[in-house]
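Same chain, two partners: chain A is paired with chain B first, then with chain C.
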Partner chain A sequence: MSLVSVVNAVKTYGTGEAAVHALRGVSIEIEPAEFTVISGPSGSGKSTLLNLIGCLDVPDGGTVRIEGRDVNGLDGSSLAALRAARIGFIFQSFNLIPVLTALENVELALQLAGAPAAGRREKCAETLTAVGLGGLLDRRPNQLSGGQQQRVAVARALVKQPALVIADEPTANLDSTSGTAVLDLMRDMNAARGVTFLFSTHDPKVMERARRVVTLTDGQITADEFRT
Partner chain B sequence: MMLLLRLAVRNARRNTVRTLLTALTVTFGTAVLTVAMAWITGVFGDVLGTAADAAGHVRVVDPDFASREQMNPLYEHVTGVAARAEAIAAMPGVSDVAPRIMTGVSVSVGDEIGEVFALAMGAPKAYYERRMRFDEHLVEGSIFPGQSPKEIVLGATVAKRAGVKIGDDIVLFGQTQDGSMSPLRGPLVGIVHTGTAAIDQGAFVLLERMMYMADIDDAATEILVFGEDRDDAPALAATVSAAPELNGLTVQAWTHREPWSGMLAIADVVRGILVAIVVFITALGVWNTMMMSVMERTSEIGVMRSMGLSRMGAVFLFVSEAGGIAVLGGLLGVAIGGAAARYLEVVGVTLGEATTAQFPSDIPMKATLYADMRPDIAMTAFLLALLMAAIGSALPSLRAASIAPVEAMRTGRR
Partner chain C sequence: MMLRLAVRNLLRNTRRTVLSLAAVVAGVGVLVLGQGFIGGMEENAIRAVVDTSTGHVLLRPAGYPTEGLQHPVDDLFQSPVLPAELAASVEASAPRLLFIARAIHGPDAMRIRAIGFDPERDATVFSRGTWHVDGATPKSAADGVLLGAGVARNLRAKTGDTIVLQARTRAGAINALELKVAGVVATGAPFIDQTAVMMAMDQAQTLVIADGAVSHFAVRLHDRDDATAFVQRWTAPAGTEATTWIAETAAVLRIQSIRRAALNLLVAALLGMSAAGIANTILMAAYERVREVGTLRALGFTRRDVLALFVLEGAMMGAIGALLGAALGGGVVYHYHQVGIDLSGLIEQTGGNLPIAAMLYTDWSPPTVAGAVAFGTVIAMLASVYPAHVASRMVPADAVRA
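Our next item is the complex of A and B:
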């Protein structure tokens, strides 16, 4: 069974003349432990597709299955539970909670995933150490560089040991050095922990590191190549 | 939950000035409510309390007397008063019992019917001392010194109009229970001035003299019953009315008698309107702040929702932030309002007799009014501060709850 199975997904924003056909029948399968990039120009529907796969939104047509479960049949709280337990997110603008420390940001994710309080902090500290932030646990986001913030975000996504990590243009707001470092970190995590990663990007550096590149154009998949 | 609570606290400190201003709005609202409630309780309590002390915490009358009270019908009396009063006095919670008769009389020095009218009262001496507090209001002479059972005390207004002085032999012209003319002659021994129009307009004799004038034996139109605290009157009425000795009679707590029941209802309405207005305005302030916070944190809420925060979790976040603001603001408001109310309780506000004289005669208005700052007022004001926060944060937190998880992604777009 595929981890993710999207069949003929359609998503339209707005109606009538103003309607934007963000996805026009997209089908894609993603297997566990993949390191896949969705590439394509701005406005091609990358974020929309990630929203559907991340269970943040539901398609207007077609089906999205996560580990075999059709998300169309799930209500808001079941979707929330599914996200909390199985999916980690990394965002373009980091999106850490500014009033929480690095450790607390990670802990919040674990708590929202329903992890028991015992051992939670230790686990979060370990994960932060694994992403190279062992000495910065008590820093607030505004006391961290962009690259460091995105590492916290990686730790936040990984700490609950999700089946899938979704990253929407994770390097777009980073300079190339820290962008590369964050990418390498994610590849290491993919290799070491077998976590499935799904990115969107139009950054060639990211595509270089991917093992599979799916190209979206105007809401449709126009290429899907595996690399070695 | 602890982490979410910590987050709410830190969120409150994010925009310190705004949070502080909101807390101060709550402080102001709570302080105003504290002072206002203490003032209403004090003024109404004073006015009504004086009345209740004079009119009996609980009163036992004939049912027909109760329905035609304005006319003071002497023939609708309670018989066997001595025995009944004794039985009531033995009941738990009763500290004092006073049979009383009231009727209209004219006051004169000679034998003719005078042109000065007064409301005459017959009651035990202890009642005049303890409940009417005549010793505090005595301006001349003394209160029933006991040289003669026929002694008469007059209110200052009546004494002045009739032109009588201490030692004069005066006549109260009234009626017997069946309507015959009935004079009551006796020496004027004291003049009282209470500042309450209805009492300064009165003539006072001992109970037995009034029975004699009304020609009723061992009977009175009312039996007044007093407990420790006038606020316990309804409970006392329940106890008293259970007595077999009082079968067929009407037992009423002062709070259920006109005009006080009506005035208490007015006090409740005034209080209610005031509370509603202040709570609403303050809630508006809280609403404004919380709404801004929710708007500013839309993407943050989206991120947390994408990580599995439930709608209730989002509500909790903002309600506890508003709650924290309300607790701080409310405590400060109760402290400030409580201090102000305490000042009004001790110092009071003097209206002067020119103002108080304009009140209807059955409302014993005092010249100086005091607040009554009670612990339950502080408690109520504090709970109202929480209510302000609850109302003010209701809509914003619902809005927060409606933020879709995709908002987390949207902020990435430029």
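Our next item is the complex of A and C:
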């Protein structure tokens, strides 16, 4: 059983003349421990696809299965529970909660994943230390650089040991050096812990590190290459 | 964590939070203040009547006039002895004999209300706590009379002077006596200060030539709430009627209930404003924090969690504002409950016929204050439901990229 199985997914925004066909029948399987990039020009439907796989949205047609479960059959709170426990998100704009410290941001994710209170804080601190932020646990997001914020986001995504981490253009708002550092961090986590990563990007640095590159054009998959 | 998020979110735009709070503070503050003062005024008005002229139960001739300066002596009765089975609920009782007389001092004369009282029992039913007596309170006919301060002023009479009192006797003849002024009293009760000449019962009965007869018989109960039951069980002597403090203060209390309605209207307006303020604040927060809401949803927040977060923020704003308002309003009410407000100046200014006692003690009622706090909080909570609902309806996929 694939970790992710998308069959003929269709997503249309709007209706009639104004309808935007963001996805026109996309099928893709993702296996555990993959490090896969979805590439394609802006507007090709990358974010839409990741949002479907991340259970933030449901398709208008076709099916999306996560660990064998069809998301179309799930209600809002089951989808929320699935996201909380099984999926980690890394966003282009970091999306940390501004009123929480680095540690609290990470802890919120772990708490929502259902981890017991005992040892939770320590585990979050360890994860932040593992991404190189051991000394900045009590900083608020606005006291951190973009690269540091994205590391917090990586820690927040990884701390609950999810089945899948979805990263939508994670380096787009970072300078080249911090972008590379964050990417290497994720590559290490993939190699060391077997965490499954699914990216969208048009950053060549990300593509260089990918083991599989799926190309999306106008809402359709036009290439799917594995590298060694 | 939800609570921590809510607290931090409130602190994030302190100016806006404080503004929304202020309206709740005002609403709840005015509610607590208003209830304290109106409750106090109500009690004050009751005391003004009970402590000076009616007691809790009052016996008087049937059909006795209650308006204006009228005290007929046609239907006087003998001071009754209370039946033994009612005695247990009675704290004290005292007779009075009221009649109209003409007081003359040299060239000055005026119509007055003569009050004959029982020297032993009167103070056990009627309060003398606010009395300021210059001279002495007469204990018998030999001591003379006690002038209300306003009467003394009008007659230009002082302690030690001699005045003439002229009255119609029970039989209809005119009787006049030369009497010594034993003292001048300021009680704070206008009907005494402005119009009364008080004297021992024997002196009063001598003037109207009515041995042993009285016009009023007042009873003070241990518990004034027993008054209605007491009157029902008491067979009043023939030719008399028994009335309760409740009936005697009804007209006054009607004014208070109008005040209460006005207060409720004002509070409703203030709390309506604060509800609108809070709803607006939460709605603005919801729109400002779209991306955060999306992120929380991605992390596993359900719609219900988002709703709860925003309602919690509104409720906390309401609770803090309500507590502050209650503390401010309650502080003032509690203070004046302890020390009271001296209204004697006001009574003198209005010269008059307002039924108010000299000291106003505000009504300090912790349940009322707690109720106001709960009320303010619930209103804030309800006000935030709609904006919280708006936040909870956002589609997470769109919200995360906002």
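Couple of notes before you dig in:
The rule is simple: the second predicted complex is superposed on the first by the 228 of 228 C-alpha atoms of A that agree within 3 Å, B and C clash if a C-alpha of one lies under 4 Å from a C-alpha of the other, contacts with A are read in each partner's own complex, and residues count from 1 in each chain.
To be clear about the criterion, contacts are C-beta pairs under 8 Å (C-beta built on N, C-alpha and C of every residue); 3 or more make two chains touch, one makes a residue touch a chain.
Predicted, not measured: the structure shown is a model, and the values here were computed from it.
Look at chain A after the overlay: chain B and chain C clash there. In the superposed model, A:108 lies in contact with both chain B and chain C. Once chain A of one complex is fitted onto chain A of the other, the partner contacts of A:169 are limited to chain B, with no touch recorded for chain C. In the superposition on chain A, A:83 contacts both chain B and chain C. Touch criterion not met for A:7: it reaches neither chain B nor chain C. Of the two partner chains, both chain B and chain C are touched by A:95. Of the two partner chains placed around the shared chain by superposition, neither chain B nor chain C is touched by A:74.
With the contact threshold set out at the top, residues 47, 51, 54, 56-57, 76-77, 80-81, 83-85, 89, 91-93, 95, 97-100, 104, 107-109, 111-113, 156 of chain A are in contact with chain B in one structure and with chain C in the other. Contacts from chain A toward chain B in the complex involve residues 47, 50-51, 54, 56-57, 76-77, 79-81, 83-85, 89, 91-93, 95, 97-100, 104, 107-109, 111-114, 156, 168-169, 172. Against chain A, in their complex, chain C makes its touches with residues 1, 4-5, 8-9, 11-12, 291-292, 294-305, 395-397, 400-401.
Against chain A, the residues of chain B that register as touching in their complex are 3-4, 6-7, 10-11, 13-14, 299-300, 303-311, 313, 404-406, 408-409, 411-413. Across the complex, chain A meets chain C through its residues 47-48, 51, 54, 56-57, 76-77, 80-81, 83-85, 89, 91-93, 95-100, 104, 107-109, 111-113, 156.
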